[in-house]
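Below you'll find a set of structures to go through.
Note that subunit A is present in both complexes that follow, paired respectively with subunit B and with subunit C.
Showing the complex of A and B:
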């Protein structure tokens, strides 16, 4: 820090901002992290689960120290119709292996812990401060404006979340489009740990992750999720905004109906609502990637839209952490040269290009378009339930051969549609 | 769990409301009816309501600061949208 100028100002103390702050402070840079909430995590919400690999690389063995909830050892995908459900359940020791493990988390605790790591390393955390604008001189970002205060830095990292008003102001990012984001709503439902373990067939410390598709969104693009925490369940829905209409059930009403579904109701029985939250999820993948850097500025995490929705998994925090790391590396390299112009900060983009972030975003680039197919959310759950009904509903009437009944159900969707979707889905995944 | 209304759910959350200083304001209603009607459906906090006179009402207290209305109304100059001042607004204790 020369005079009153910080080496780096980071806007937002979520996972990407705190990791960038942690690594920069460790490298000896004067870092200021500005957070608009009263504490790190107080404005943040996740489904949610953290895949450990990227944080494990930076803070080995973090899960022993960090306030994680449960290690996920069971994955379930459930297709819902109004009165029935068909589930696929995957349980494996492999899910818990180091660097392949994932943890359910609650962000108020988790983000505070991560921000405290940055503070311990020497970063300054200023909470309860909303950054209103950027200082831009001759096209170069030179600091931030918060109310009456102006703070200067050699470089600013924008880790201000999915809406990132600042990345828009910096001219790096276009306005979000309704087909690029989904609204997520969630309830945290308190239940004793032993009840959760009995209900989900878990040992202490183990967790379950469940995704739901079909009736929970009334056939609209989106889905339901459930994650077990230590003493609570995170239950919610996600809807792509472009599929929101002007009438019908509201998003909060659909969550209430989801809670009353026979496949869900017993799981949360006796629970107590302790928090209700909402958040946007960037789901456009590669198509919504902004310009990741400019003169004196970098964009990381949700602000850069770094989320992968592969249908059966949704990942954001592991990408956020890795992007914070890459931004920190680029800033450290820039400081060594004393050059914070865009061509030099392009190193950040190179690091992302050569990481799992761009590899996986590229792999799934066509997936958001594939998911804009209502058959996945309406006809296929119905098809699965119809086939299983034929298998298991015994009432003494003559049984028809499965081949015949299954085929008749498939014909309702259209055999060509089925083959087309299977081919497309198989190709993308 | 018994069915709960959205207002009752918001009652469980912790808010510090910046009284008299709304961070979201409806600037124009009639010219962007479609977008605002979508907000009535999509707002997680149910803060956009269809009133009896046909106008759409909005209450900023209880806002979860997700940005759904901002994106749905983008490009229509319907809303003035910002985050609440620092320290104000929702405070997630779980997240």
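Showing the complex of A and C:
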């Protein structure tokens, strides 16, 4: 730091910001991380599952010291109609394989830990401070403005989350459109660890992840999720913002109905609501990718829309972490040259292009459009339930062969539609 | 130049405490700590004397787990902090707290004015200030909602139940302040950064002439109080509003809620 100028100011102490701060401080840069919450994580939410691979690469064995909740060893996808459900269960040792495993997390604890790693490495964390604006001179970002205070830096990393007003101010991004974001709501419901383990068939330390499609979003694009934490369950819904209200149900009403569904109610029975939160999720995929860098500025994580939202499942934290890492690498390289102009920071985009981030985002790029197809959220859950109903409901009437009954149900959706969706879906997934 | 000390308590954020079950036990599982609310007013008083009149201004605290508070308090204006952090102070009451604080303040030496909040956000026993005054041999002025420094003392307005009392005194004093004396600051970015460069002095109990064993106290039980609802329905059965209002007034009188 020369005089009062930091090498790098990072706005936001979510996973993307803290990782960038951690790596830059480790490399000996003078780093300031500014977080508007009273502590890192205080304002943050997530569904609950962190895929470990990208953090494992930076902090090997992190799960032993980080406040993770449970290691996911069991995955269930459930299709819901109003009164019935069909589930697919996957349990495998493979899920627990190191570097491929995933953990449930609660952000208030997890983000604090990650931010403390950055502080230990030498970054300065100023929490309880909101950055209101950027200092921009001749098109180059040279610092931040927080209240009355101005603070300068050679480069600013915007890690301020999905609704990054600062990226807009830097001219990197347009205002969010309703169809580019989904809304997520979540309750944390407390239950004793042994009750959770009995209910979900888990050993201590093991966790379950469940996704729900269909009636929980009233047939709209989106889905429900349930993650087991140590002593609580994270239960919530994610759905496209432009879809809200079209079914006449408010967001809290939808969550309430989801909780009352016969497939969900027994899982949370006797639990105590300890936290309620709502948050936006970027879901435009590649189509909403902003300009990722400019003179003296980089955008990472949710602020850059680096989230894979496959409708019923959201993945953002591992991308946030990897993009924070790429930004740190680009800044370190820029510092060596003493040049923070856009052409030099373009290295950040190269790193992303050659990483799993762009590979996976590209793979899923048609997914948002595919998801716009409401059949997946309305007709297919009904189809699955109808087929299973015919299989299992015995009332003394003559049984029809499965092929025939299944076909008659499929005809309701339209065989051509079904094949089309299966083909498109198969290609994307 | 006057030397001013503000005392503060690092308390559990009451928003995080949960009262559980019939036994009304208190659950402290997911708690965070904070600088006690009225103590923030006390710190703000000192900070403004420091900024506007150039007084020397220090913060003082003690407890079993207060180191997490240092950065926070230093961003609110004090030039430095002196504190005792000792496991023996886990469950202190105001008698022990005031002994420790008095010890620290004597160690600092030549303090002209000590400012405390009127009471803490957790216990609100309102005892630490007056006890501290007694232990230090200082004047004690409570319920203060306006404070000025004079040549050789202070001028304070005390907000009492039946009026405002203005007191002037010479010599050192311990003042306890009410929340309406000022609006505590939310530390700015520069104040937070400046705090990182300030000094803090950790003192051992022995260094202030106290013995940790002699101070050790044990709290046997703490539980929450809950006001039971009486579930009285005033206007059941098609009663008119006038009748219901009269019945309500009678009920409130019977309860002693209306004189």
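Note that in this section the second predicted complex is superposed on the first by the 422 of 429 C-alpha atoms of A that agree within 3 Å, B and C clash if a C-alpha of one lies under 4 Å from a C-alpha of the other, contacts with A are read in each partner's own complex, and residues count from 1 in each chain.
Criterion: a residue touches a chain if its C-beta (ideal position, glycine included) is under 8 Å from a C-beta of that chain, and two chains touch if they have at least 3 such contacts.
Remember, it's a predicted structure, so these values are computed and weren't measured experimentally.
Participant: Between subunit C and subunit B, which one touches more residues of subunit A when both complexes sit on the common chain A?
Facilitator: B
Participant: For A:333, decide between first (touching subunit B), second (touching subunit C), both and neither.
Facilitator: Neither: A:333 stays clear of subunit B and subunit C.
Participant: After superposition on the shared chain, which partner residues are touched by A:149: those of subunit B (first), subunit C (second), both, or neither?
Facilitator: second
Participant: Just to be sure I read the superposition right, which of the two partners does A:111 touch: subunit B = first, subunit C = second, or both, or neither?
Facilitator: Touch partner of A:111: subunit B, not subunit C.
Participant: Per the contact definition in the header, classify A:189: touching subunit B only (first), subunit C only (second), both, or neither.
Facilitator: A:189 sits against subunit B, while subunit C stays out of touch.
Participant: Please indicate which partner A:129 is in contact with in the superposed arrangement: first for subunit B, second for subunit C, both, or neither.
Facilitator: It touches subunit B and subunit C both.
Participant: With the two structures laid over each other on chain A, which partner does A:121 touch: subunit B (first), subunit C (second), both, or neither?
Facilitator: After superposition on chain A, A:121 lies in contact with neither partner.
Participant: Which partner chains sit in contact with A:278 here, subunit B, subunit C, both or neither? Use first/second/both/neither.
Facilitator: A:278: touches subunit B, not subunit C.
Participant: Do subunit B and subunit C touch any of the same residues on subunit A, and if so, which?
Facilitator: Comparing the two interfaces on subunit A, one with subunit B and one with subunit C, the shared residues are 128-129, 146-147, 274.
Participant: Going by the contact rule at the top, pick out the subunit A residues touching subunit B in the complex.
Facilitator: 36-38, 41-46, 106-111, 127-130, 146-147, 162-163, 165, 175-178, 181, 183-185, 187-189, 232, 239, 241, 244-252, 256, 259-260, 265, 268-271, 273-280
Participant: Can you tell me which positions in subunit A touch subunit C when the two form their complex?
Facilitator: Of all residues in subunit A, those touching subunit C are 32, 34, 39, 124, 126, 128-129, 146-149, 151, 274.
Participant: Enumerate the contact residues on subunit B facing subunit A in the complex.
Facilitator: Touch list, subunit B to subunit A: 1, 3-4, 6, 9-10, 12-13, 34, 37-38, 40-46, 64-68, 70-72, 74-75, 82-87, 89-95.
Participant: How about subunit C: which of its residues touch subunit A in the complex?
Facilitator: Touch residues, subunit C against subunit A: 30, 32, 186-190, 192-193, 196.
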